Amino acid sequence: MSRNLYDLMGLAAAVLFILALKGLSSPKSARRGNALGALGAFVATIIVFFYPGEKGELPLDNLGWILGAIAIGVVIGVPAARMVKMTQMPQMVALFNGVGGGAAALVAIVEYIKLGESASFAAVLATVFTVVVGCISFSGSIVTFLKLQELMTTRPVILPFGRTLIFANLAAVIGVSGWVMSELGTSPLLILAGLSLLFGVLFVLPVGGADVPIVISLLNAFTGLTVAASGYVLEATLLIVAGTLVGASGTILTRLMAEAMGRSLFGTLFGAFTQKAQDATGTGEERPVKSGSPEDVAILLNYARRVVIVPGFGLAVAQAQHTVREMADLLSAKGIDVAYGIHPVAGRMPGHMNVLLAEANVPYEQLVEMEEVNPTFAQTDVALVVGANDVVNPAAKTTPGCPIYGMPILDVQQSANIIFLKRSMRPGFAGIENELLYDPKTTLLFGDAKASLTKVVSALKSL
Amino acid sequence: MSRNLYDLMGLAAAVLFILALKGLSSPKSARRGNALGALGAFVATIIVFFYPGEKGELPLDNLGWILGAIAIGVVIGVPAARMVKMTQMPQMVALFNGVGGGAAALVAIVEYIKLGESASFAAVLATVFTVVVGCISFSGSIVTFLKLQELMTTRPVILPFGRTLIFANLAAVIGVSGWVMSELGTSPLLILAGLSLLFGVLFVLPVGGADVPIVISLLNAFTGLTVAASGYVLEATLLIVAGTLVGASGTILTRLMAEAMGRSLFGTLFGAFTQKAQDATGTGEERPVKSGSPEDVAILLNYARRVVIVPGFGLAVAQAQHTVREMADLLSAKGIDVAYGIHPVAGRMPGHMNVLLAEANVPYEQLVEMEEVNPTFAQTDVALVVGANDVVNPAAKTTPGCPIYGMPILDVQQSANIIFLKRSMRPGFAGIENELLYDPKTTLLFGDAKASLTKVVSALKSL
Amino acid sequence: MSEAMALLAIFTLAIFVGFEVVSKVSSTLHTPLMSGANAIHGIILVGAIIVASHSHTSLELGLSIAAIILATINVVGGFVVTDRMLEMFKGKKKS
Amino acid sequence: MSEAMALLAIFTLAIFVGFEVVSKVSSTLHTPLMSGANAIHGIILVGAIIVASHSHTSLELGLSIAAIILATINVVGGFVVTDRMLEMFKGKKKS
């Protein structure tokens, strides 16, 4: 009876996880959903300390070690999560996913060591699967972290003979897996782990910066599956359910994200295997551009009837959301029709701009989604691009083979005037030149977005 | 191994059922979904004939009887389903649901007879549950059938002392259930079955005609649960999954249907327990109405700028969908703006009007849902109500306590002129008087909808 | 994990699947969906066959044969009638 | 039904639940959802605790302690960071 009670609580935890995912899928309930997930994790963790063995005994040896390790994890995890800057959240998620994958791989390695000769084929298979996929998820996530943190280039890294290399690596992983499965032994397993780690790196390196979130989502789904496999080996239904939930929802989410960015999922993920040379227009050309002063910009805005503000990653970096709102309010007060054109992947995470602008209490009805704002650019006098670049780059339409080709963009080039607020001629996240900067309709106002906007606001006031 | 194979096929059948429900939830895939469901049922039925027992033997005794019974079922079921008229489908569904509930109850009775002294409490509980709920579903469905087929009144039937009666019945069901569970015996079980059958009748009698589909949906969900309970007793996972799926989706569906009709689910279902006297405006008063000739109607239509056609059950009865389309095309050709205002529950099943008008190839964009068409009635010159009544009856707004009170309606009274095409002053399905028929803006054209429309069309042509 | 627990887990998950799968169906499809779900529960046929095959008295056999007939009507008729309803939606595609 | 089959059924149903539950999420919530799902798989912590409690060599213990630390970071950090992201959506309600 007592065991059944704990099993019931385990089932309750699984239900909490389902409710968590359900909650997270709708804006109103998202936060509560997350809290339910945390509650589920808490319940599940508590149960394991009290779950009685076959004969009713409490089975936890090494209790001190275990509690100590949990304490260390909390001491590292909570402050890391609390202190990370908003702009760095995606890398944080990547890291957390990586350590999760690493944990699953370590658990599987220990399981493997414990597997007796009598272990069923399915159990051995599940263990080896977890080691391989957990390691890939770990190293892959680390590379995505490095890319997002810009500790390495965000552009696709094409190694010489990269294709041969990754195929060879894949073959080696499969071969060694077979070996490990046919004769149990710790050293071949460690070799397998090493090869899998390498595979994770090779898999993610050729992914262009803009596609990195898609890859994180995929690795996240992978980790989910390893957790399910571990659950099978450990006969823990909760892990099976939780892992499968994450695996399945992660897969769907990966597809949805790829769709939102207008990317081909296959092309993104198997770039490593196909490696078409993705030619990007070279950076740093010396071509004439038209730059203006804050006063020029203020005048352009002042005499417009309709202004569309296009925020991007630079707005987040400069923390200029309050200033941009101040400016927008000024313009509205002058009777100018103001809207924000929100690209689904502006910034570094989906919804980034909504979050930022909501923080500054921008009226919700001024936030216009891409599909709705695009047809209005033809009637727009000024498109004010604040720290955005890739999301308005026409190369997405005109240059097949460039990293963002095929992504839907905000059609700012249809409006009568374009103003760019950025610090330099450097390209955006995808690392490709933006022809629009050289467009005769374009005025550039160089400088940090917040500083520039502040100047524009005072110029507007003095007009 | 061989058993595992059959178990796998059982799982496949369960997956097919899931895919069936998923498919049925979207117009594009609905038909395929239904086919998948049928495939699943086929697979599941085949398996059971070959499923080997513990010792590998084929366990089916009475094979001849079984196959014969299936043959009889097919010979009854297929022609019945094929020949039923479109307007009678809902009753057919009710009947099919009833026989399903009856089958579940019979299975449970046999299970009960076989239950040894050693049967677990859960198994006995599940068996008794199935008997009770299966019987309720059976007799309740029969009553809904009688109501829909108009073999009995469609109006709520309020028995003298109805409330006391149903409470007593409920108490008896619970009491006898306890008795049956504590000492196994066939006669008390049969008494229980009888009481449950009675309860089903008392439960459905007070439900007004318009709410009958909601009740069918609820009984459908009930039957699903009995199937799941039977699966538990028979240790057939497939039945558990399939039954639970139907139970859960049926519950949601019941709520959705109630919402679409603007009904309170609670009020609808527990009418039997609360039984507020639902006072309806009496029928058959002698008050003046304005009736017109087909020519009058043609003239009204001819000089309108915007006409909204409101189809209802009468259109289906008269099979006037082609004629109404012909008329609408004529009006469109004269430059008149024509739309069809589709109420979600016009006719006798949700989507009835869409189905009918699609049959006549009415352009999809002319079919306007209630929420969208309602705000346009103020700009509408003529609302042409063809064989509809309840869905435009303002009593739904003005007469608390009437059977359709609270249902959203099509606001035809906002338009400049209203034309009703119906055969008499008789009320619609809910059996309540429609004040709109006496409205000074209203013109009545008596007669079968198809005949009337044909006359209007020729009048329009000769204008 | 005990067998009963496994069944409970299956039951719980099936509830969620049932809820989620139909939760966004448009009102046009309410009736066909109800009718299709109704056909699915006709799979009690499998249960009826199982009890029939273990029936040894004529009472048991009679009851289970009746159950088979009813269940067959439910499952076969249900899918056929649903298909007929859905057939009529075809027309819409043309436009 | 064998235990393996029950687990397979649970696995299959969980796949459907996972698919259905998130299939209509708006793009605004992609990142929080990913982050929340990421935190959920941190529940491998339970697996790590189980293997740690059965570890008898220092190699096994060392590896499983490392696994516990990593898994704890994943689960705790994951829920906290998701909450922080979602906190910022609050502002929207006011308007």
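Remarks
Per-chain numbering from 1; labels A, B, C and D assigned in written order.
The criterion applied here is as follows: contacts are C-beta pairs under 8 Å (C-beta built on N, C-alpha and C of every residue); 3 or more make two chains touch, one makes a residue touch a chain.
Note that the structure is predicted; figures quoted are calculated from it, not measured.
With centres computed as the average of Cα coordinates, no chain lies farther from subunit D than B.
Taking A-C and B-C together, the pair of chains sharing more C-beta contacts is B-C.
Averaged Cα coordinates give subunit A a centre that lies 42 Å from the centre of subunit C. Subunit A and subunit D, compared by their mean Cα positions, are separated by 16 Å.
Chain geometry summary: the mean Cα position of subunit C and that of subunit D are 34 Å apart.
Looking at subunit C, residues 1, 4, 6-7, 9-10, 13-14, 16-17, 20-21, 24 sit in touch with two or more other chains.
Residue positions 18, 22, 237, 241 of subunit A are each in touch with at least two other chains. All chain pairs that count as touching, in label order, are A-C, A-D, B-C, B-D, C-D. Against subunit C, in their complex, subunit B makes its touches with residues 17-18, 20-22, 24-27, 30-31, 33-35, 37-38, 40-41, 44-45, 47-49, 59-63, 65-66, 68-70, 72-74, 76-78, 80-82, 84, 86, 89-90, 92-93, 96-97, 99-100, 102-104, 106-107, 109-111, 113-114, 122, 213, 216-217, 220, 223-224, 226-228, 230-232, 234, 236-253, 256-257, 260, 344-345, 349-352, 354-356, 358-365.
The touching residues of subunit B, when paired with subunit D in their complex, are 3-4, 7-8, 11, 14-15, 18, 22, 235, 237, 241.
Across the complex, subunit D meets subunit A through its residues 4, 7, 10-11, 14-19, 21-55, 57, 59-61, 63-92, 94-95.
Listing the residues of subunit D that touch subunit C in their complex gives 3, 6-7, 9-10, 13-14, 16-17, 20-21, 24.
For subunit C in complex with subunit A, the residues that touch the partner chain are 1-2, 4-6, 8-9, 12-13, 16, 20.
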